[in-house]
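Consider the two complexes below, in which subunit A is the common component and subunit B and subunit C are the respective partners.
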Partner chain A sequence: MDLGLIIYALNLASIYALMAIGISILWSSVGMINMAHGATFATSGYAAWFVSGALKPAIAATFGKTVMASVMMASVVMLSAVLAGAFCGAVIYALAFLPIHDKPNYSVRSLIITLALNIGVVQSLLWYFGPRNRGLPKVFGFGRWELLDTKIRYDQAGTIVGASLVMILTLAWLRYSRRGLEVRAMMQNAEGAAYSGISRQATALPVLMLTGALAGVAAALLSQTIFVSPTAGVIPLVKGLTIALLGGLGSVSGAVAAAILIGFLEAIVGVIPFLGQRYVMFATFSFIILVLIFRPRGIGGLLDNTRE
Partner chain B sequence: MPEILRIKQLSAGYGPLRVLHEIDFTVSEGERIGLVGLNGHGKTTLIRAITHMTGWQQGSIKLDGEEIGGTRSLGAGRRTAALVKKGIAVAPQGDAIFPGLSVRKHLECGAHTKLAWRNRRRRIDEILQIFPPLRSLQHNLVGKLSGGERRMVSVGRMLMSDARLYLIDEPSLGLAPKISQRVMDALWALPVTGAMIIAEQNVSLLSGRADRILGMHAGRMRGDIGHVELN
Partner chain C sequence: MTVKTYYKVRRRPWEYKLSPDGKVARNRLRLPFTRRHFLKWRDAYNPKSLKRERRLADKKPLWWTIGLLAFVVVTPFLSNSMISIAAIFCIYASINLLWTLIVGTAGIFSLATLAIVGVSGYAAAASNVFLGLPWPFILLVGPMVGFVAGSILAAPSTRLDGLYYALLTMGVAEICRVFVTQLRSLTQTNGAITQVDSFIPEDWFLQRPGLLLGFAGAFCLLLGSLLLWRLINSERLGLLLRTAKTGREDEAFAEAVGIDFRRARLTVFVLSSSALGLVGGFYAMYFKSISPNIFSLDQLLLLFAMMVIGGLGRAEGAVVGAAIVTLIDKGFIEIGPLRIILVAAIMLVVTIFAREGLTGVRDQFRDFRKRKSGERRAQRTEKGGEAMPEEAVEVHDK
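Now for the complex of A and B:
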């Protein structure tokens, strides 16, 4: 396997992992399958495009064509995507969690509400911005490195490093902060969490905002390679959801492992001569179905002890 | 002595099935009360009703003179966390542990008040004093511990915050006699500021120590049965 293929696989894996751990954490702690995760992804992309477009003249006027201007532009793109993602999380909290969290069948109801939100948001984006693809300013600049006869584009390297960094920060927050401890307690035993004074209402908002922000990061990073469009969130949502399932819903390390597995699977299937790109989806889902037949709880159980 | 818990005419159950019938009793500050009765006679349901884990159809429960949750509860734990914050600490049946947390982290979870969180290190050390077997296990995952060790972790977590009312459901269930004796000894050695209710099938573990022993039969309170052997 050559280095280019590995970089491509890791690039896919980092985007998938960002989506999948968000879905996984949300399901196990708040009990919600967030179908609006795709809408959060698309909205964050548009927010980054819109804000960076609006601030472009100001940044150009202040910094001219210096390195500082590109750094500022990159921060604006990342920051607006993250904030928009967190904001979407708060909106989902207000619409799909607060009104129904103490009603029967809450999981199914929230699934339906978030699905409706997803459709509504995607159609609104389509109506307001039109179907045209938008390109985001390059966060990591143009160019490539030569390494062992392989060309590595800046955006690929930036995506892998950036996503890994964000995931490490998320895991550190879960591991070392008090709020993170509460979220982990909620993920492992909701009844025990209630007896420890940890309520679902209190953990839901930070968790939804965090997972929204993760989708925002994923959107900004993926838009370095492809474009921002109203339906851009569909594939990341489907992939994120199935990878979260493959990893064993509720297992963060399982989701990361599953994302890496699927990233490599897709990259390899894409270059096999008689299969090629059009069999990527087919191969991915066949693989996931096969794994789930033999390990219905996903691969997460192999990796950690978060669940008995 | 001021009253901590007053239960009046409480009837509770699961869906249409009524398990508790018109329960009446009060608990005063400093009391340690044993709640005895055979399997399926409503001890656990009573404890779950006080913590809102089970819905109740009628009656009232007052904690420190304040009605908790009105006369009708939705049940299923939606208000449990809020009640715990008001000063109820629970060591439930089945322990409700967090299998992926270390013993120390698990105990930290119980420190939900500001004061308890600030003093969590000292309190964890105190609990490790009460349960010496946990001392060598403090960095192990709770999911890998034995039943007795889990019970100690569960009781330890309950003791991390300053509650007004401590509820312990069957501390001896499934434990070797020696270990259940140790858990019981620890419960009686504690300096408790509020009150404690211990539901237990084995009366001999409570006899001679509890301030009162209340008997439950077929979902009704039989009153103080005194320190006699239950047949």
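Now for the complex of A and C:
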């Protein structure tokens, strides 16, 4: 296995981990399977494309062709994607959490509402923007490093570093902030958290906005490698869901481990000559089925058992 | 001086009641070889008029009969495109009914429904096209393959729970799709098997008599699925499963009284899978072809939308939802992607406001009305009065 393959695998893994962690945290704290994560992904990609396109002349006029201009461009892309993701999270909160969180069948109904949101948003994007792919401005610039005879593209390196940074920040927020403490309390025992005065409604909004922002970051990072399109969110959503489940829903470390496993598996299957890219999904799902047969609650999923 | 208002308390004054002769002994029809009655008639004496009153306690069979009769009488007079939409509705409704049996009755959250339909459809079509079996055998091969596929898929369902099993079955569907598209012998047709023999004669295909014949077949399929639904749900198997329906406590209770609910679940799963296999064979015959499209996630989501709009776990929900979504999806093809947005919007609104889909709205409204009237009654019962709000319904004259 050469270094290029490892870099490629880590690149995939970091994007998947961003999606999977969002889904996992959301499930264990708010009790919602967010099927609208793919729509959030696609919407943030489009928002980044739209805002960067609109501000391009202004930035070019102010900074010219300096380093400052590309830094500004990069921050505009990332910021708009993150803000759009957080906004989508707030919309999901208003539609799929707030009206029904104290009503019967909450978990199934929220799943259905987010699924309907996903279908509706993807089709609306398709209808409004058309099926054409859009390229985002390169955040990390073009070019590559030579390291131990392998070429590492800037965008791959930037994705890995950026995603890891965002994940560390998220985990630190969960670990050290007051809000994070409340979220963790809800993850451990929702009822106990309610008894000790933690409001479910007040905690769900930041959690949903945070996971939306994570999807936004993932969108901005993945769009460095592929294009923005209305259906771009489908594969990250399916991958994120499968990895969150494989890691054991609610276990953040399990999700990261599963993301790395699946990233490497996909990278390796992609280069094996007689399998190739067409069998990537096939191999992923076969692997997942195998794991689930031996560990029915996923890799890190002993949580539910200990909870009872 | 305030005028005192009196409130009438009556039970179902709007309901139509028969007034049979109280002196004649009742003689009710029974289903042959069983002790079941056809309709749930209930007799009671009215305590005020002292007359005997007979009412239909369960009116669902009546609505089913009227609805299905109207459907089958009206459809032959519609246009050609509407007849084919009606036939597709019948196919989707039967798939939905069988899926509801798996999800609702057996409580196994399987997403491989269309995969089973697809696999058995492919096997049946292949047996016809490549092995040369005549078309009636398609209706035999389909259920057999469905049985085998169901048995294989059912094995892990007792070990995994809920979402994990859903993930596994989604994986199985994806594996089927990749497998079929990669088959060498089908590469010329993009993985589809075409030119399948059918119960519709070759020169009638897409002509009016052919469409009518196809609709008749699809309608029989729907009736068959309804019968299977009824047989499973109202017989012993359904009773066993209802005991272990919700939550861990019920399962523990069922186990304690000696019900092997896992076995019952597997039985229902395998039975519905075999029926899904039959639907798969019928699907291949009706369209005279079958394509990998049947394994796609979009198709599955469309079916899921049908079940959700109608109401998860109810037979009438599966059928009503299929009618609504099929009409929008196939009837308004000219508005393009807007129709999917429309389906998503309906799904969203229905799920936000309705507890159990459109067919559950009536019960939900009754609960709401009961709660409100209880609140109002509690407000106007004076303190120290003789009637407590809970007892007020029992008092005849207030």
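Quick note on the criterion: the second predicted complex is superposed on the first by the 300 of 308 C-alpha atoms of A that agree within 3 Å, B and C clash if a C-alpha of one lies under 4 Å from a C-alpha of the other, contacts with A are read in each partner's own complex, and residues count from 1 in each chain.
What we mean here is this: a residue touches a chain if its C-beta (ideal position, glycine included) is under 8 Å from a C-beta of that chain, and two chains touch if they have at least 3 such contacts.
Note that the structure is predicted; figures quoted are calculated from it, not measured.
Once chain A of one complex is fitted onto chain A of the other, the partner contacts of A:Ala90 are absent, as it touches neither subunit B nor subunit C.
Contacts of A:Met281 after superposition: subunit C is touched, whereas subunit B is not reached.
When both complexes are overlaid on chain A, the residue A:Leu115 reaches subunit C alone and has no touch with subunit B.
Of the two partner chains placed by superposition, only subunit B is touched by A:Gly197; subunit C is not.
A count of residues in subunit A touched by subunit B and by subunit C gives the higher number to C. When the shared chain is aligned, subunit B comes close enough to touch A:Gln188, but subunit C does not.
Of the two partner chains, neither subunit B nor subunit C is touched by A:Val51.
Across the interface of their complex, subunit C is touched by residues 33, 95, 99-100, 103-105, 108-109, 112-113, 115-117, 119-120, 123-124, 126-127, 234, 238, 241-242, 245-246, 249, 278-279, 281-282, 284-286, 288-289, 292-293, 296-298 of subunit A.
Residues 156, 159-161, 163-164, 167-168, 170-172, 174-175, 178-179, 182, 297, 301, 304-305, 308, 312, 336-338, 340-341, 343-345, 347-348, 351-352, 355-356 of subunit C are the ones that touch subunit A when the two sit in their complex.
Of all residues in subunit A, those touching subunit B in their complex are 101-102, 178, 181-182, 184-185, 188-200, 202, 304-308.
Those residues of subunit B that touch subunit A in the shared complex are 51, 53, 74, 77-78, 80-82, 84-85, 89-90, 92, 95-101, 105, 108-110, 112-113, 117, 141, 143-144, 157-158, 161.
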